[in-house]
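Read through the structures below before going on.
In the two assemblies presented below, chain A is common to both, partnered first by chain B and then by chain C.
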Partner chain A sequence: MVGAAEEARLRRLESQVENGGGGAWEYLCLVRKLKLRRSDQVLRHGLALLNDPRARSKLGGEEWTLYEQVAIAAMDCQKLDVAKDCIATLSKQFPSSGRVGRLEAMMHEARGAWAEAERAYALLLENNPFDQITQKRRVAMAKAQGNISAAVDYLNKYLEIFMADHDAWRELAEIYVSLQMYKQAAFCYEELILAQPTVPLYHLAYAEVLYTMGGLENLQTAKKYYALTIELTGGKNTRALYGVCLCSAAISQLTKGRNKEEKEGSELQSLAVEALTKDYKKRAPAKVPLLTNMLRNMKLTS
Partner chain B sequence: MAEDLVLDTAIRDWVLVPLSVVMVLIGILRYFVSKLMRSTQLPDAKVVKEGQVIIRARNLRAAAGFIPAKAFRARRIYFTNEENGLLHVPKEQAQNAQAQMFSDPNMAMDMMKKNLSMIIPQTLTFAWVNFFFSGFVAAKIPFPLTQRFRGMLQNGIDLSTVDVSYVSSRSWYFLNLFGLRGLFSLILGEENAVDDTQKMMQMGGFGFDASRSLAAEKDSLDIIQHEWTLPKMEQRAEEVLRKLVK
Partner chain C sequence: MGAECRYELSQTAYIKLALHALKHPSSPVNGLLLGPLQTPAFAADPTVVVSDAVPLSHSQIGLLPSLELALIQVEEHFGGEGVGVVGYYHANERFDDAELGSAARKIGDHIFRYFPRAAVLLLDNRKLEELVKGKGRDPVVQGLVEPRYLQVKLFAVMVSGEEELGERRAPQDVGQVLHEC
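And now, the complex of A and B:
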């Protein structure tokens, strides 16, 4: 997650670098720190730095970090010859290093030589079974090959040990959603909510999974989580507003016969409708009729 | 009061300077030797996992109100049940943990290596200084000092009449031993500086008992009352929206 201040700084640096104003190294450092995927720019500016002997020697020991960064960016851009050069330089400097070994395995991956990459990763993990990055690479590779069940297996095995890694939980949750295994996905989202209870996105995703699963109890819970998302985002999240409406509609349909208990929830939904219409009027006036039409179909407005 | 002792220039050439040079060289040598001997120790799977379990259990405890009661109960059982709960530590194992740590040959070996690279050169240089230079007045600092500094600066000379600003050779050795860190961090790079004082402090605290913190986490998870905060959220969301709509 990138904060607003950092993003502004990144944009400024990016435009500065693009227009030849220098500061390429700071830009590359920032990209690395924020773990952004700007492979194109990284490749261009990083390579320019590496090809300039004076600039390179100024970096000192950081030179090798730059080689690694450029190699990964080059693989992302399918400039395999550049990546190969970088990796060759690195392996000359650090023979038998696990980090360089990982780069070589990624090179196999980039060439599409899955079997070779698999073997290389297995070898790396044999030497260092707790290498988190290599384990995650393996998951990513399985996913890239379309072998989703293997990715799930690897992720589960990884989470058995590193169970506090919420990024992995998130990945697993998204995979489960894509496989329509909603129960499992809900568990993962619960785990994410526990790890970071103030991030509204997780509550939203959890609510969506619950809504998809259906059933009265799940729908009611989903509505509560949509409400929480509204509270955390200050009502700015359109998706959550829609979610409240959809949940209310579904609940009222399910409890058509016995409409005694569902009284207090009605106000939230009418407020959500109001907020939605107001938002649409302000930002997309052309689509207001569509919205009112749909809400009428859901029998939320009279 | 002995009026201005004159120090022979030969003392400077043969005691003061060689002592400092030797100390620097030994420091550098020690850095490379310890780099050779350093074994990259693989973290133990159990230790890694225990740390992660504790973080996750703590998260569960802190944010319990945000997940439904059913989900919370399932997790609590998963963590604290008496058969195979993650936080449950069998009795006999808890007692053995300390003993195990000492019997683990790898750990003992590592400690030995660390200590060897530190203690042996220090004893040797100290013996060397004592043997060759004991009793020398090696230098004079250019400003007067109070009597309290006598112990620090004139270690090895038992003369109360000598002015305190004279430094004995053994004291010069100690000053070098503790004062060369800045120089080392210049020569060997910031993080590689051989820091004796810090190493000595590290010696004390070793052996962190994971089973105890696991048990503590289990107890606090057991007594926690689950209260779902979500029902309150609907009202709060209503308030937020009401403000927004107005």
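And now, the complex of A and C:
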């Protein structure tokens, strides 16, 4: 999950590095910090750094972290010989290290040797049962093999112990959504919202799950969460603005003929329409007629 | 039902959907297939032409709001030209997953309600990889048609691997899909 400022910095660094302007180490550190999956770029630039003896010696102790990062990126790009070299270098430097052992198990995974990887992870967990990363690798392996129910199982057991791992909750929610188990996905997002109520992403995702579940109550709650997202993002989140419009349209479809709550949501929806129109006028003026027609068809404007 | 339904996939649509899948190698991607809407003369020539593709999303595919918005916008934007949604394409997250998942089926059903001859194209990840390496000559999609999403035979596909990487040939129809309705 990347904030807007960091996203901008990342893009700037990425284009700088890609065009030969240097700053590769800074880029790699940022990718590592934000836990992004840019394996292609990491492999290229990381390898360039490692193959340059002067640059490598400048890194000092950080060199080994770079080896680890490049090894993982190489495995992601299926350049297994590169990964093997990096891991060999690391295991020479840190013999019998758990962290290197984990990389070796990941190599088994990358080659598709699931049983060996499973054994390696089991061994690592025997030595250190609270190793979060290894536990999560087991989940990833189950998912990669297509055994989604096992992945869900493992993830649930993991979350019983490590309830504060937000990334794990998000992963579980996304798996539930892909399985169309929306109630369970909603539960995961509720946990996330309780833990971090000021992160707009969770409110947005929760609203979308509620909308997908359907039904008048869910739609009304979804509208509230979309509204909260708009508040938390200062009105800049287009998806939330559209969400409010969609909810209003759906609710009015469902309550057609029931006169009581006509005026209730209309202020929110007209504000959303206004905000959307302003945004489009600023950023994509050619599409404003498309927007107005759309909103008219949804019966949100006259 | 003895009539044959033909589907023609244009180069633009094919390239767009393949590039969309290649851009996001670690997530499922999906999108809409567009084509000219049928006129009353349709009964005489039951060929569904897919002239364009609109990429939809590469995350959280099972959620409704973005799909609904996209359908509304596409209808709005292309409706004036007589072009509408005639199908849906989907690429799975995992390399060896060649089945149409339940979320994709649901979306396919949704589109089928709009357009009864809708086809769903499922990308074959293995063939896509071969295409990128320049080896494969096979089409990277398999066509699946309602109501039971039976696989459809792909005939006479004249596609060359280099096209994927942006070289445009003369606009000619890239593939024809033939099956018994």
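We take it that the second predicted complex is superposed on the first by the 231 of 302 C-alpha atoms of A that agree within 3 Å, B and C clash if a C-alpha of one lies under 4 Å from a C-alpha of the other, contacts with A are read in each partner's own complex, and residues count from 1 in each chain.
The rule we apply is simple: a residue touches a chain if its C-beta (ideal position, glycine included) is under 8 Å from a C-beta of that chain, and two chains touch if they have at least 3 such contacts.
Please read these numbers as outputs of a predicted model, since none were measured by experiment.
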Notebook entry, point to check: Which of the two partners, first being chain B and second being chain C, lies in contact with A:Gly146: first, second, both, or neither?
Noted result: second
Next item on the list: Give one of first, second, both or neither to describe whether A:Leu271 is in contact with chain B, with chain C, with both, or with none.
Entry: first
Note to self: Just checking: does A:Lys281 make contact with chain B only, chain C only, both, or neither of them? Give me first, second, both or neither.
What the structure shows: neither
Check: If you stack the two complexes on chain A, which partner ends up touching A:Lys58: first (chain B), second (chain C), both, or neither?
Finding: neither
Margin query: With both complexes superposed on chain A, which partner does A:Gln180 reach: first (chain B), second (chain C), both or neither?
Written below: second
Checklist line | Partner contacting more residues of chain A (chain B vs chain C) | finding: B
Next item on the list: Mind working out whether A:Lys33 is in touch with chain B, chain C, both or neither, as first, second, both or neither?
Entry: neither
Margin query: With both complexes superposed on chain A, which partner does A:Lys299 reach: first (chain B), second (chain C), both or neither?
Written below: neither
Checklist line | Residues of chain A contacting chain B in one complex and chain C in the other | finding: none
Notebook entry, point to check: If you look only at chain A, which of its residues touch chain B in the complex?
Noted result: 128-130, 160-165, 187, 190-191, 193-195, 197, 203, 221, 223-225, 227-228, 230-231, 234-235, 244, 264-265, 267-268, 271-272, 274-275, 278
Check: Which residues of chain B touch chain A in the complex?
Finding: 42-43, 45, 48-49, 52-53, 55-56, 59-60, 62-64, 66-68, 71, 75, 230-231, 233-234, 236-238, 240-242, 244-245
Item checked: Of chain C, residues touching chain A in the complex -> 26, 28, 59-66, 68-69, 72-73, 76-77, 94, 96-97, 101-103, 106
Check: Of all residues in chain A, which touch chain C in the complex?
Finding: 37, 144, 146, 174, 177-180, 205, 208-209, 211-212, 214, 239, 242-243, 246, 290, 293-294, 297-298
